[in-house]
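Since the structure comes first, as structure tokens, the remarks are kept for the end.
Chain naming follows the written order as A, B and C, and within any one chain the residues start at number 1.
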Amino acid sequence: MKSFSLLSRGTGAAFLAPAGLLIGAFVIAPFFWVIFVSFTNRSLLGRTAVDPDFVGLANYFSLFDAATFFTRGEFGSSLILTIQFVLLSAVVGQAALGMLLAWMLRSVPRSLKHLTETVAIGAWILPEVVIAFAWFAFLDYENGTLNMIMEALRFPRGDWLLSFPFWAIVVFNTWRGTAFSMMLFNSAFSSIPPSYFQAADVAGASSWQKFRDIGFPLIRGHVVTDLILITMWSFNVFTPFLLTSGGPSYRTEILPIYTYRIAFRDFDFGKGAAVGVVVMLINLIFALFYLWVMRRRAKGVAA
Amino acid sequence: MASIRFKGITKKFGEFVAVSDLDLEMNDGEFVCLLGPSGCGKTTTLRMIAGLETPTSGQLLIGDRDVTFLHPKDRKISMVFQDYALYPHMNLADNIAYPLKVRGEAEAKRHARAREVADVLKIGHLMERMPSQISGGQQQRTSLARALVYPSEVYLFDEPLSNLDAKLRLEARGFLNHLQRDMGMTAVYVTHDQAEAMALATRVAVMDAGKVVQYAPPMEVYRRPATTFVANFVGSPPMNLLPVEATIADGALQLKADRVSVAPLPVSRSAAAALKNNGKLTLGVRPEHLSIARGGEANTVSGQLFANENMGPEKLVTLERDDAARFTARIFTDDVIALDATVTLGFSSEHIHLFDPAGARLPMDGEPV
Amino acid sequence: MRSYLGLYFTRIGFSVATALIGVFFALPLVWFIFAPFNPRAELGLSIPEPFSLANFEAVFQNGFAMRGLWNSLVQSVGGVILVGAGATLASYALSRSPIPGKSVITYILLLFSSVVSGSAAMVPIFLIINGIGLIDTQIAVILVFAGGLLPTAMFILRDFIDSIPKSYEESAMVAGASPVQAFFDVALPVIRPGIVVVVVWAFVSIWGSFLIPFILLRSSEKMPASVAIYSFYSEAGTPIVTLLAAYSLLYSLPVVILYLFVSWKFGFRFFGGIKA
């Protein structure tokens, strides 16, 4: 029996169709396609470009080959590098710095708050190639702003991208992404009724005590959300490529850059796909965890 | 204008029965109020008339058209929503004229008509404003204007006054009453405010848990509530209800309860049928029929003074009995009433309502059933 | 008294620390304020004297550079149209029609879109585009971005539409409007702020992106600005700083303007939730 609704089932399906097609073709199909390709020796050129062979798990064996796993420029070393990169730049860098900023911004003069927010958000919204170039100039050995400051402070100059490439991209990614955590925590803090803090003020609590006893416990759910999101983003970020191209000698070759090199420099699509599958599996774990947290919160369980 | 007929209408949401086997007839030109507590199915009933919900079973007629499955746009109805549903991106003129726009009226013509209606509702000077720029009372009138701007067979109202403050509500209620007298429209009006229903309706349908428990003109509902539920719902404060022991002896009905004295009553046929010889009944007396006993009253009830509220032209005196039941009297006087710790209230026999143990009214002989 | 002083020192300490962090964020960008206006700009920080627009003139005369900006515009606008229209229709259907399993659909799409990132799926995206013969076309970039951004856009918009009372459309229908009329006359205008947000977000995402056009496009006349910018390097791989700086500024301008627009229109915090 037909029953009234604002949009009939048929019209609803028609409304869903365009988006469904696009998502099907460019999100869902790639998901399955990459799994399929990872079992082949597909390449860009040559016979295997048109007629790849099924190679079973060979690509995965070569990724997890114990003999070369930890060799620089191989999958294992890139994976470990990525984990370090994510832990340092996202969890320690972005989240901690964002939290610190969000908390401090609550009690600094308005103009300073606005200025700081503006530059942090600038770092976050400007196009990645522009940011990469700005950092390239910033870190330049001869004339870069950083070395200029080092000199003024009577420290030795550094050729940062050559001597400390990994730390360069860690700091770079922290700088680039902190604004998100800062804004998230900022809005989380301002959703706490001011009277909670005022009551603590009356009781004579210090800023640290207020943070530890009121602010942090009440936004714990947001911290979890933030950590999952920024971890996922940093895990998939390609931007450091624009600063270092993965070098020197693979020392900044995090997984997205490694995938790119295998697939589009070495043209080994099969192996590149296998890396993609591993990355997606790790993404999946984070995404499921995230959805689980969100649903739990939607159901009203205090997160 | 047209009549409305519900024939055995049931509406389920999943397993939950929101409206159950409803048979209801509303005559052409009637103003019917659906009255009942929250969640009893009033809005669902109204939305079925509008076509915004489809009955799970049964048949719905407007005039002699079967509209059970008709799309809302084809039903020739108007509706005022509880949240007004004014379109935030249109000014008042466009809001009010929107129904004419979808009917293909030319812009000049529909704005002229909108202005006409708006003038009647005293919002004609606001036509260029956006809904966010006018007061709650003006928003309410705008939504009313949008419902009145085109001819409809049936007008539907879902608690249209519930978002207004008390004073505006009275004013708007008076206006609606005036409008109904003026237009003689067929209207169905949902409210949980019994005073609103009494003031506006030609007939009130009191609902409880998806069923209509009484469908009668307001004074009938007030004078002869069909059940204790209705008695409790209509009237402010509601009717006082008290369980009593009843016996039929010496051709008279004797009612007994602790610290209550009731003169023997004539045995009505309904009481005789309900009681056989003796049993429990519920005695009901409206607060406005109680007074402070001065001695010599036929019927009295006593207890400890609980509250003595001064409301200006009237006083509410509440006593509490030993079983914690309370009895409230509504006394019309300008004087301050001084009372002892123990209070006795009196009432006359003609104001007694009786209900059987299941809560159904026991009509007096000669009372229309 | 003690706690009052304590509060005072906390404020000073926080201000100093915040200022230092602010400087940390500002420093890499400072160079960028001056270099575009300095016809002798190098990677070092120096105040241009005189301020000049010569660098911009050079960029404007560089057909390839301008073409890059144009291509960025074409790809972003194209993507935005698909994302805006597709997400509006789809999320309206998800919110208002009785399709079974609506929230499951939303969550599964969201799950897919966060798992299938550009870096994880670059191989199959390339192969699929190659397979349907769209490699090295702007439409390929548009389609890939549309598909990738749609789930999040739908999620944001559906939330937004769910929060809009159904009585808007209901009142329109009671007044005589058909479902389609109610959608266009009443629902769409009310949803518009949500669409604006999604559109701005999608535009900024596509405008700034590098990887997808980088792997899908071959010929230089189709490159968006993010890839075209790499033509400002000499044969030896050293950057032509003057042009790069001016071009970067031009290229950043739309993003900054849109950001200002959104924070003016919806308040500052709003942008927070929606850049992925």
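In the analysis below, a contact is a pair of C-beta atoms (placed from the backbone, for glycine too) under 8 Å apart; a residue touches a chain by one contact, two chains touch by 3 or more.
What you are looking at is a predicted structure, and each value in this text was computed from that prediction instead of being measured.
*Asks:* Just to be sure I understand: the centre of a chain is the mean of its C-alpha atoms, right? Then which chain's centre is nearest the mean of all of them?
*Replies:* Closest to the centre of all protein C-alpha atoms: chain C.
*Asks:* Taking each chain's centre as the mean of its CA atoms, which one is most distant from chain C?
*Replies:* Computed centres place B farthest from chain C.
*Asks:* Rounded to the nearest whole Å, what is the centre-to-centre distance of chain B and chain C, using the mean of the C-alpha atoms as each centre?
*Replies:* 56
*Asks:* Distance-wise, how many Å sit between the C-alpha centres of chain A and chain B, to the nearest whole number?
*Replies:* So the centroids are 60 Å from each other.
*Asks:* From the mean C-alpha coordinate of chain A to that of chain C, what's the distance rounded to whole Å?
*Replies:* Roughly 16 Å, centre to centre.
*Asks:* Multi-chain contacts in chain A: which residues touch at least two other chains?
*Replies:* 3
*Asks:* Residues of chain C that touch two or more other chains: which are they?
*Replies:* Residues 170, 173 of chain C touch two or more partner chains.
*Asks:* Which positions in chain B are in touch with at least two other chains?
*Replies:* 51-52, 71-72
*Asks:* Would you pull the chain C residues touching chain A in the complex into a rising list?
*Replies:* Touch list, chain C to chain A: 3, 6-7, 10-11, 14-15, 17-19, 21-22, 24-32, 35, 42-45, 82, 85-87, 89-90, 92-94, 96-99, 107, 109-128, 143-144, 146-148, 150-151, 154, 166, 169-170, 173, 179-180, 182-183, 204, 207-211, 215, 225-226, 229-230, 239, 241, 244, 248, 251-252, 255-256, 259, 268-269, 271-273, 275-276.
*Asks:* Which residues of chain A touch chain C in the complex?
*Replies:* Interface residues on the chain A side: 3, 5-9, 11-13, 15-16, 18-20, 22-31, 33-34, 37, 42, 97, 100-101, 104-105, 107-109, 112-113, 115-117, 119-131, 133-138, 140, 142-146, 148-149, 175, 178, 180, 183-184, 186-187, 201, 204, 206-207, 232-233, 236-239, 242, 255-256, 259-260, 263-264, 269, 272-273, 276-277, 279-280, 283-284, 286-288, 290-291.
*Asks:* In the complex formed with chain B, which residues of chain C make contact?
*Replies:* Residues 165, 167-168, 170-178, 181, 185-186, 189-190, 192 of chain C touch chain B in their complex.
*Asks:* With touch defined as at the start, can you tell me which chain B residues reach chain A in the complex?
*Replies:* Going through chain B, the ones touching chain A are 51-54, 69, 71-72.
*Asks:* Enumerate the contact residues on chain A facing chain B in the complex.
*Replies:* The touching residues are 1-4.
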